[in-house]
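Have a look at the structure below, then the notes.
We call the chains A, B, C and D, going by the order they appear; numbering starts again at 1 in every chain.
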Amino acid sequence: MSAEEILTVKGLKKYFKTTRGIVKAVDDVSFSVMKNETFGLVGESGSGKSTVGHVIMGIYGPTAGSITLMGKDISVGVGRRSKELKKRLQIVFQDPASSLNPRRTIGQILELPLRVHHLAPEGKYSEKVFEMMDLIELPREFVVRYPGEQGGGEKQAVAIGRALATGPSFIVLDEPTSALDVSIQAKIINMLMRFQKEFDLSYLFITHNLSLMRNVAQRVGIMYLGKIVELAGTPEFFSNPLHPYTKMLLSAVPVITPEEEALKPEKIMSTGEIAGALNVPPGCSFHPRCPFVMDICSKVVPTMVEYKKGHHVACHLYPSAVSSG
Amino acid sequence: MKRAASRKGADYGKSWHKFSKNYLSQAGLGVVALVAVVAIFAPYIAPYPSHAEFFVNFPEAHEPPNWVHIFGTDQFGRDVLSRIMFGFRYSLMMAVVVLSLVVPLGVVLGLVAGYYRGGKVEMVIMRGADIFLAVPPLVLALSICSVLTPSVFNAMMAVSLMWWPWYTRLVYSISSSLRNEAFVQAAEIAGASPFHIIFREILPNCLGPILTKVTLDAGWVILIGASLSFVGLGAQPPIPDLGTMVSDGANFLPEQWWVSLFPALTIVLIILGFNLLGDGVRDLFGAEAV
Amino acid sequence: MAEQLLDVKDLHVNFKVYEGLLRVLNGVFLNVGAKEKVGIIGESGCGKTTTMKAIMRILAANAIVAGGTIAYRGSDVLQLGMEDLMRLRRTSMSMIFQDPTAALNPVFKIGEQLEDIVRYSEFTSNAPTKQEVRTKAVELLKSAALPEPERILDSYPFQLSGGMRQRVCIAMSLASAKDLLIADEPGTSLDVTIEDQIMRELKQIVEDRGLSVILISHSIGAVKGFVTKLYVMYAGTMLEEAPTDELFSNPVHPYTQNLLKAVPKLTGGGVPEGIAGRIPSYLTIADGCRFASRCRSAKESCHTDAPPAFDIGNGHRVACFHFGDS
Amino acid sequence: MRMSTFILKRLSYTVFVLFGLSILIFIIARVLPGDPARLALGPRAPDWAVENLRQQLHLNEPLYLQYFYWIRDAASGSLGESLVTRRDVFTDVQEFLPATLELITLSALLVVALAIPIGMVAGRRANSWFDNLVRVLSYVGVAVPAFVVAIVFLLVFGFTLNIAPSIGRISPNIVAPPTVTGFLTVDSLISGNMVAFFDVLAHLILPAVALALGPIAQEARITRSSVVENLNKDYILSTVSHGVPERLLTLKYLLRPSLIPTVSVMGLDISSLIANAFLVELIYNWPGVSRYGITAMLRKDLNAIVAVVMIAGIIFAIANIVVDLIVAYLDPRIRFVEKAA
């Protein structure tokens, strides 16, 4: 692949100090997102997938590691980033009910990024806002309405519009449809896919929904307790999952067609639950739930190896890289 | 699950409709409006405007309520009703002056402390507020007034000094929880300034509780002013302050009950009015209980 | 056909709110046989939970049951006296709520809550000793696949994980559900792997104990492997009823068809278009078919008349005029 | 967090707040008046006397030293001489404090004993005639200031109906019981003097009810709305759906979570009780520390003012700690899960 990397995350760590100990929300995560690509980050609650997105956005600075966007280092909090960078990097939050200020009209919400970055001549802002509203397929008269009066789909469209307003190159999508009904989800996803082509965007798509991921991402990374345990191109990831956790997760996904059922790997019954962030098991943090657990698993943290070209996994079952080829 | 349409949306039209159907709140609004009108036009509508301050007419002293003096007369023969009407002026002035000093200050401090949550700014502001809140406001106000010369002005200053922390604490509790809301993060990511975030994103979400509290507090400030002058540490005679009138009259209990009872009842009426109105304001903004 | 247990007919429930009357449930029907496993799917706000609360008679104070019957073993739950209703709740049917965090009283230990239920549900005649109650509570926790039941009895809800809390709720329901278990999205608030475990355990329990089940979900996949009959609910009405396999192989209502299509598939192929528009407001809802405003094949009459449920054979019923004449 | 750490943290913060309060009240008493010595002695006192007092109060020294001397003296149990009683303020406080504590305690007990049952019943039977009655009464009850209630009670029960004694703690013709706790009710019970007990109780009742009325109305309202809110919670619906008997449901599963907001605002009630005690004690000539404080304020008796304000702060702080402990008892989440500071 000769694609160009737009975002590179290396050795990213984010620890939170709490009164009961240190929570390692993100613990040594590395990946990169290519230009025009949708990179999917999957995990259950507590896996640290949203924290990765938030650190990239600078909502809090990283504890260690580096984040590079288009060749520029952005490993700092949002307050210390240049305006130009803020323009390039945007986010769509999970729940539009809380990401849109209930006391500001849709027009005001869409106008803010335009004004901050002086993206229209004075007096032309409302024109530009109307253009945004056409883009996200909202009637223009909604400009004076408050988000609280709208349905979830409309609200999320506004959030997407706000993210697009500055003309970004890279957008973090933090579970953009998990607060929506299935029938609405489809519309939002299609809108996002269309904008990606139209505006040359790259996405970091964070979700817990594997079925959705299958349909939107080119590459997928799967997180467990702050670490990426497997990373591969989407077709390879779903047809040949390696990590036991990936297999367990895939087995647990509820499906509706026999074709989907056939696609599932060797069934691994899900057992146990994700450990508390304060007492992460030693060694491989998945080992208490793993059906293939070995002696080494509770002692040594497995390192990420490129098992096949483009298919990385961190598991003692796959100790070394297979010959490159 | 089946809640009425979300109250979060700033649908003021519907809220106003709701307010207009709430008879208790309307009664409150009526009382407050009446008190304000009487206060403003007291010199024109009081039956005996000259009785407000220095006036002596001993032959008519201590007359029980009758058709000439509906609320009776006091020990100097002054018409109690007229004095109450003028008393409204001092009461309302107290509320207006104190709240217009206290609310902006307390709100801004609360917003700033909430925005810089976790830092030194927050610590200084909130610890300071806690110290002022360590004693009931009346007690500190009393002690401040006692070391100064008792007067309406000093009473206002003393109450103001005691009152700002309530707003700081109220606004802080809202703003510090909004600080982590996604919409504030979104504004930061867009590159908005702290000024924009504090006053355009966070403040509008505090307005409902603030206005509710302002309405309720108007009654309580009037009460604390009356309490100060009741003790003798606020407005001084012959100023027709409701608190002074109650305490003056108390010397003539139980025989001349009307001298203190009527001013006392009007205090109740004013507080009741602001309380009922405050509940209506809360509905209007769909705010949580303060 | 199995023996009849629950038969809801033409249920109408409204809610009085400040703005007016929310006409939520409109002619809901539901039929559950003994030991039958029935599922209801529908999106948020479609009235699934309201229907279940009506069956348990725990609707909010502002709810008005405007019509219909809920026949349970032949007698109408809506008409039951307090004593009969209590007996029903204690010994015959029970409900698992969607969010186990909200469904457990935060200020009492699990033991206290569970034992109070056990005391009145499992020992109907004589006053049991503390030890008897405790033993029974432990037994229930064990059957809900909870390890270390003694420790759990001694914990507060917030000290347990989401999955454990839901298992506690299941244990509570097992005490009082000897015939019918209503499970309202039991896995929705949990992670996929936990949901998978809970659903498997629940299925096992239900089959072991021979219970009838109403399983509610907005996730079509989650109910598929569980139930034998499915209802599709939309905006307070039942649109379609069919045996599970029949529904998936031959969905006929336009809403069902589109809903099934809108679910992203593990096999890929992109995300199809969803259903345009949104669920109508219950305040201003029209008299016609409640799906008409979002239905691509709606006729004029769909907007004015509500379609009854037409029987199209194979136990398949659909409330849509397009099947009325066939 | 363990309960002991919780209490320890709470206590240390209280010490900090009281320390801050002492600086505040020091500024009020020593800085605000300009010349405290002149203020204390009045405009007609001779200059040498004023200068003498200035020396005595260290007023010619820097402020921080003045504060240091003042704190040092206070720590050694000397709060300075009262210009009114000519005794050490500490002695005065010792004499007057029990009367105030007894009054406030009884009022607080009345609030708990009346507001909670009223609020519970009103909430359980929301929109019944009883609920509507409570709603109207509580509106009025919240709005009537304690000193107005006190005067009206005095007028109606004291003078007109003459059923309750209205002045003082105990009738002059009755021998007070020997002091053990300083609470006359308790002391008379200890000494078995039932005549004194009922006389003391009769003296207590009017001021105590006058103080308690507002908080009762307030707390009844809060309890009622808390009950109504809890009735719609899933955990109550779940308990109902399991067929738990009505009594158990209301008195256990509904009561405890509903009480948390009620108790949480109890601190504000105590604040109102302490503040209003200053007015009500004056009206009923109650020989307590609040009346002592008002007298001191009117006579500009600075040492006494400082002491009384500090005492009000300490009572309030202790009451708040008790409130927090009760809330922590009611709500295990506070006991076990640490709250962000």
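What we mean here is this: a residue touches a chain if its C-beta (ideal position, glycine included) is under 8 Å from a C-beta of that chain, and two chains touch if they have at least 3 such contacts.
Just so it is clear, the structure is predicted and the values come from calculations on it, not from any experiment.
Student: Most remote chain relative to subunit A, going by C-alpha centroids?
Tutor: D
Student: Tell me which has more C-beta contacts between its two chains, A-B or A-C.
Tutor: If we tally the C-beta pairs in contact for A-B and A-C, the bigger total goes to A-C.
Student: When the C-alpha atoms of subunit A and subunit D are each averaged to a single point, how far apart are the two points in Å?
Tutor: 55
Student: On a C-alpha centroid basis, what's the spacing between subunit C and subunit D, in Å?
Tutor: Between these chains, centre-to-centre, one finds 52 Å.
Student: In whole angstrom, what separates the CA-based centres of subunit A and subunit C?
Tutor: 33
Student: Considering subunit D alone, which of its residues make contact with at least two other chains?
Tutor: none
Student: By the touch rule stated above, which residues of subunit C touch at least two different other chains?
Tutor: Answer for subunit C, listing residues that touch two or more other chains: 60.
Student: When you check subunit A against every other chain, which residues touch at least two of them?
Tutor: none
Student: How about subunit C: which of its residues touch subunit A in the complex?
Tutor: On the subunit C side, the touching residues are 43-44, 161, 163, 191-197, 200, 218-222, 224-225, 248, 258-260, 262-276, 278.
Student: Over in the complex, which subunit C residues touch subunit D? Could you list them?
Tutor: My answer: residues 53, 56, 58, 60-61, 86-91, 94-95, 97, 99, 102-108, 113, 116-117, 120-121, 156, 158-159, 169, 172-173, 175-176.
Student: Which positions of subunit A touch subunit C when the two form their complex?
Tutor: Within the complex, subunit A contacts subunit C at residues 44-45, 151, 153, 181-187, 189-190, 193, 208-212, 214-216, 234-235, 238, 248-257, 259-260, 263-264, 269-271, 273-274.
Student: Flag every residue of subunit B that touches subunit D in the complex, lowest number first.
Tutor: 24, 127-128, 130-132, 134-140, 142-148, 219, 223, 226-227, 230-233, 246, 250, 253-254, 257, 260-261, 264-265, 267-268, 271-272, 275-276, 289
Student: Taking the touch rule as given, give the residues of subunit A at its contact with subunit B in the complex, in rising order.
Tutor: Against subunit B, subunit A makes touches at 57-59, 78-79, 83, 86-87, 89-91, 93-95, 97-104, 112-113, 116-117, 146-149, 159, 162, 166.
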